[in-house]
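Presented below are the structures under discussion, each in the form of structure tokens.
Consider the two complexes below, in which subunit A is the common component and subunit B and subunit C are the respective partners.
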Partner chain A sequence: MLFKTIKKQDLFDLYFSDVQCIGPKKVGTNYKGKPIYQFLPFSSFDEINLDYETTEYSAKTYFLPYKETLSSFQFKDDDWDQEINYRTRPRVIIGLHPCDINALVKLDKVFEKTLFPNPYYITRRQNTFVVGIDCKKSCDHGFCSSLGSYTVTHGFDLFLTDIGDRYFVKIGSDRAFNALQKIETREITKDDNELYLQTRNKFEDGLEKTVRVENLPNLLDIEFESDVWKKWGDKCLSCGTCAMVCPTCYCYGVTEHISMDFNKSDKIKQLYSCNLNDFAQVAGGHNFRPEPATRLKYRYYHQHRGFVESFGQPMCVGCNRCGRICLAGINPTDVITDLQREQKR
Partner chain B sequence: MKYLGIEPQKPKIAIFDFTSCEGCELQLINKEETLADFLNAVEIVRFREASSSYSDDYDIALIEGSVSRNDEVKRLENIRKTAKILVTLGSCACFGGVNQLKNEFDLKSMNREVYGNDPKETINVRPIKDIVPVDIEIPGCPVSKAEVESLICHLVWDSPFQIPVYSVCVECKQRFTTCLFEKGQLCLGPITRAGCNAPCPAGGSGCWGCRGPSVEANYKSFFSIVKEKGFNDIEFRERLNFFGAFGEVKIS
Partner chain C sequence: MKNIMHPYDIRHETDMVEPLDFNRRSRLKDVDKCFKAEITNVIRLTDMEKLFQIRMVNDKDWERFIFLPGQFVMLELPGYGEIPISFSSSPSIRSTIELCIRKAGKVTQALHKAKRGAIVGLRGPFGTYFPMERMKENNILLIAGGLGLAPLRAPISFVIENRADFKEVHILYGAKEPSQLLFDYQYDAWHRIDDLNLQVIVEHPDKSWVGPVGLITRLLEDIKVPPDKTYAIVCGPPIMFKFVCKRLSEMGVPMQRMFVSLERRMHCGIGKCCRCNIGSTYSCLDGPVFDFWTVMNLKEAI
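So, the complex of A and B:
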């Protein structure tokens, strides 16, 4: 990895007047008086706050939109034309925390480094310049340390760590190296290295490892029939919010939308959630997972068992967005701890 | 045009209004960009709000409004006899709608309150399905034209007519709306059927449940969440009752 340092305010000169910039923007305050942030387009740097704690939504939607048209069909005489549009405009996302970049690295495994690469994802991923930044302190009930996702080594273009009046910068791509030519960079000194490591050590010391996940694939198999699923499933509203805000949940459905003149049809992909009532409903009407408890269970199975079998690591990055936003108070650390207790009984 | 061996139908449609504001009918002639195609796809033989044609020869009846007079019961039964498919449009037709709020009061005093010394014949408000069997329901206040178009596709091509089974929360997420509970406000979104694109939470007023329950809404969990968050029972009950869509649900 190539390291440099830059003056903090120089970061603003890097951009990028000709592309869309996305960053953590304050959109309001919650009832406890805490600011709420979302990744949204901005036009000037005073609209964003790189010291934000966390965002309500992940940035996944800039790579996997909630809704997108996969293709359009136009009928012509006895034939039809298909139109597919992969093109996207270049974009900069600034301020992603390590968990969110690790989430992108996981999505890369699913959509890019796979037998059937997904051009819709790849075009967005490659046309997005990702600028990450280290967290200053751990976020409310985040458990990234349990998933090893509080630190990141790839999957970004630039990665910043605040070391006082300068950013310690990791350069993760050629295009990032080229972009840095626009501003003044400084070679790393011994002091910079020390300052960087001190900052990171201080952050790591503040982390509490909240839940052990290493043996979850086995534990989940053993506890398939556990009452724990019913306990949490009874609370579940089946609203799908957990999957919507999750930085890695990528399940989706595809529907046909026929135009009113019956000459055209759009194939529209919509991110879905395994918690929604008809997620496992098939043609003919049979629903393989009619109970909320079963659906909730399978969400944990995909995150902590199925994904591990396929990719050697859990899908979850421990950002706890699902846990914070769930009205019913369902959060991964409590559910997993419950299962582990069950085993000890 | 024939497609995959399927001959399209051009169904004869009649549109009827019962006790309502007629806003759902207005929705039918909204969405100008596809209005001409919409009118081409079907044969509208009766539509008091938008057309002078008047015929009793129809296959499909689209019904707006609830029933609030005895003569409406008779009229509805006649429509049911003629229509091969009967569709209810909007919250009034599907659940009684705002009109059914009067059911909570004494009919006579309500009559006096509204009509003074010139009382009108009136009965308790009932949704259409209480009187005759309904084949397809499209809820909402007002009804969504996009869902009406999907119904038309279904009638013409026999493609599946589907409305979301899940709750409004999904659509709030799709448009980056901050959860209203997070802001300390009441919202029926978690138990209400999506399909409206969640304009009310986005506008800051919370969901009032005009589309009725999502499929297998978890009332027990939702009610205890609402209670735990400190919303008062009267406020919650008023909201649940507003469109009459959660009528059979008891607050425990």
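So, the complex of A and C:
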């Protein structure tokens, strides 16, 4: 990895005027008076705040859009032609925190480095220039420390750490290296290194390890019939919001939509949630997971067991977006703690 | 920035890894591509099921389309949707494939209205298969309940075509009522094959029924095979294969020698949508064919 430092305001000169730029924009304040941020397109740096705490939604939507046309069928007499299109317009996302970049790295495993690489995801990913930034302090209820997702080593183009009046920059790709030619960069000095490590140590000292996750793959199997699932499942509204805001949840459904003139049909992929009632329902009406509790359990089962089985690490990055947004007050740290308490009893 | 970020177009990628399956073997961009196929014949089996004979429109596509018994294909009916369907014909027939489809919902209902000549799309073949090669030199029990005969017909054809490689062959099939029996026009042909035991049982006989009456497990009572020299393939609803496999276990057949095919909702067939997960196992990638030992170890399988 190559390291450099840059003057903070020089980042603005990197400003990519000919491509769409996305960053953490303040969109309102919540009932506690805290600002709410979202990753949204911006046209000038005044609109975004790189010191933001967290965003309500993850940046996943720019890689796995909520709704996407996979292909279109054009009807001609009794025949048809299928047209497949991928998004290839470049885009820049600025201000992703380590957890969100780690989430992308996990999605890469699912969509890029598997048996059936997914062209829709890959084109979006390859055409997105990712500028990450280190958090200054841990966010409300975040448990990244439990999942080790507060540091990143790859999956970005540029990664910034605020070390006072300069950014300590990790260069993650050749296109990032080239982009930096536009501005003045400085080689790392001993002081820079020192400052960087100090900043990081200070951050890490402020982290609390809230839950343990290493034992979850085994625990989830043993506690498959646990009452804990009923306790939390009975609260769950099966609304699916948790999966929508999650940076790693990727499951989906596909439906077809015919145009009004019957000449065309679009195959549309829509993100889904395993908490939704008909997630596992099949023709004839049989539902493999009829109760909210079994569906809620399944979400944890996939995140902390299934994914570990397939990729050697949990899928969750501990951002706690799902916990903060849940109307029923279901927080993953509480559910996991409960499950572990069950074990100790 | 423009010169740094060249739009990266996947369609220009040519040297992709050579994988096993059709949609993978084709270039990466074809992951979602449906290959055009024509319905060449529609055969009515019962009120609910029809058999569709289908042929690829493009001969080149056809040459590469090789499947194994137990695998499935994603059948696209443009404008309606895409559904997973098991192959119901012999893999060695290179002129057409056969899919037996029950009228169950939106897509299948539309398919039942389709006529000869209609153009559909195919993606696949996907999934695991029955390890027919491993089963050679053994006795084989082919057991189906209800619509389970549709996927079972592929291994049945394989076994008949390679009869010399197998010892005893038993085909057992059960249905609720005689009117629901699939492929009844074939039983006679199977019966005539020397040294092949075919038995059909129904739960609720009608007046003209002369065969055995009861549950499929009853047919197993008369079968005596050395369990460690026997393989079984069981296709049918979960409740049926659960009882059949239990009975087979009691007979001493090791669980790793029994194979079942599981059905879950599917929206992609390639391990992305997660709709098909059983516990956390993808039934489109690691299944649909599983040995019974694996099934026993899956959460929420039965």
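Just so it is clear, the second predicted complex is superposed on the first by the 344 of 345 C-alpha atoms of A that agree within 3 Å, B and C clash if a C-alpha of one lies under 4 Å from a C-alpha of the other, contacts with A are read in each partner's own complex, and residues count from 1 in each chain.
Criterion: a contact is a pair of C-beta atoms (placed from the backbone, for glycine too) under 8 Å apart; a residue touches a chain by one contact, two chains touch by 3 or more.
Keep in mind that what you see is a predicted model, and the values were worked out from it rather than measured.
Peer 1: Is A:Phe75 touching the first partner subunit B, the second partner subunit C, both, or neither of them?
Peer 2: In the superposition, A:Phe75 contacts both subunit B and subunit C.
Peer 1: Once the shared chain is lined up, is A:Glu56 touching subunit B (first), subunit C (second), both, or neither of them?
Peer 2: Only subunit B is touched by A:Glu56; subunit C is not.
Peer 1: Report for A:Cys239: first if it touches subunit B alone, second if subunit C alone, otherwise both or neither.
Peer 2: In the superposition, A:Cys239 contacts subunit B only.
Peer 1: Residues of subunit A touched by subunit B versus by subunit C: which partner has the larger set?
Peer 2: The partner with more contacted residues on subunit A is C.
Peer 1: For A:Val335, is the partner it touches subunit B (first), subunit C (second), both, or none of the two (neither)?
Peer 2: Touch partners of A:Val335: none, neither subunit B nor subunit C.
Peer 1: In the superposed arrangement, which partner chain does A:Leu216 touch: subunit B (first), subunit C (second), both, or neither?
Peer 2: neither
Peer 1: Look at A:Gly284 in the shared chain and tell me whether it touches subunit B only, subunit C only, both, or neither; answer first, second, both or neither.
Peer 2: Touch partner of A:Gly284: subunit C, not subunit B.
Peer 1: After the superposition on A, what does A:Thr123 contact: first (subunit B), second (subunit C), both or neither?
Peer 2: So A:Thr123 only meets subunit C here.
Peer 1: Based on the superposed arrangement, let me know which partner A:Cys251 touches: subunit B (first), subunit C (second), both, or neither?
Peer 2: A:Cys251 contacts subunit C only, not subunit B.
Peer 1: Touch check for A:Leu115: first (subunit B), second (subunit C), both, or neither?
Peer 2: Only subunit C; A:Leu115 stays clear of subunit B.
Peer 1: Shared contact residues on subunit A for subunit B and subunit C?
Peer 2: 75, 255-256, 258
Peer 1: With touch defined as at the start, can you tell me which subunit A residues reach subunit C in the complex?
Peer 2: By the definition above, subunit A touches subunit C via 16-19, 70-71, 73, 75, 78-80, 82, 84, 86, 88-90, 92, 110-111, 114-120, 122-123, 126-127, 129, 175, 178-179, 221, 224, 250-256, 258, 265, 267, 272, 274, 279-284, 288-289, 294, 298, 301-302, 305-307, 309-310.
Peer 1: Please name which positions on subunit B make contact with subunit A in the complex.
Peer 2: Checking each residue of subunit B against subunit A gives 1, 3, 8, 34, 37-38, 40-41, 149, 152-153, 156-157, 159, 162, 165-167, 169-170, 173-174, 176, 178-179, 181-184, 189-191, 214-218, 220-222, 225.
Peer 1: Under the stated contact criterion, what part of subunit C meets subunit A in this complex?
Peer 2: 1-2, 4-11, 16, 19, 23-24, 28-29, 31-34, 78-82, 104-105, 108, 117-119, 121, 263-265, 267-268, 270-275, 277-281, 285, 299-300
Peer 1: Under the definition above, what is the set of subunit A residues touching subunit B in their complex?
Peer 2: 27-28, 30-31, 36, 38, 40, 56-57, 66-67, 75, 234-241, 244-245, 255-256, 258-262, 273, 276-278, 292, 325, 327-328
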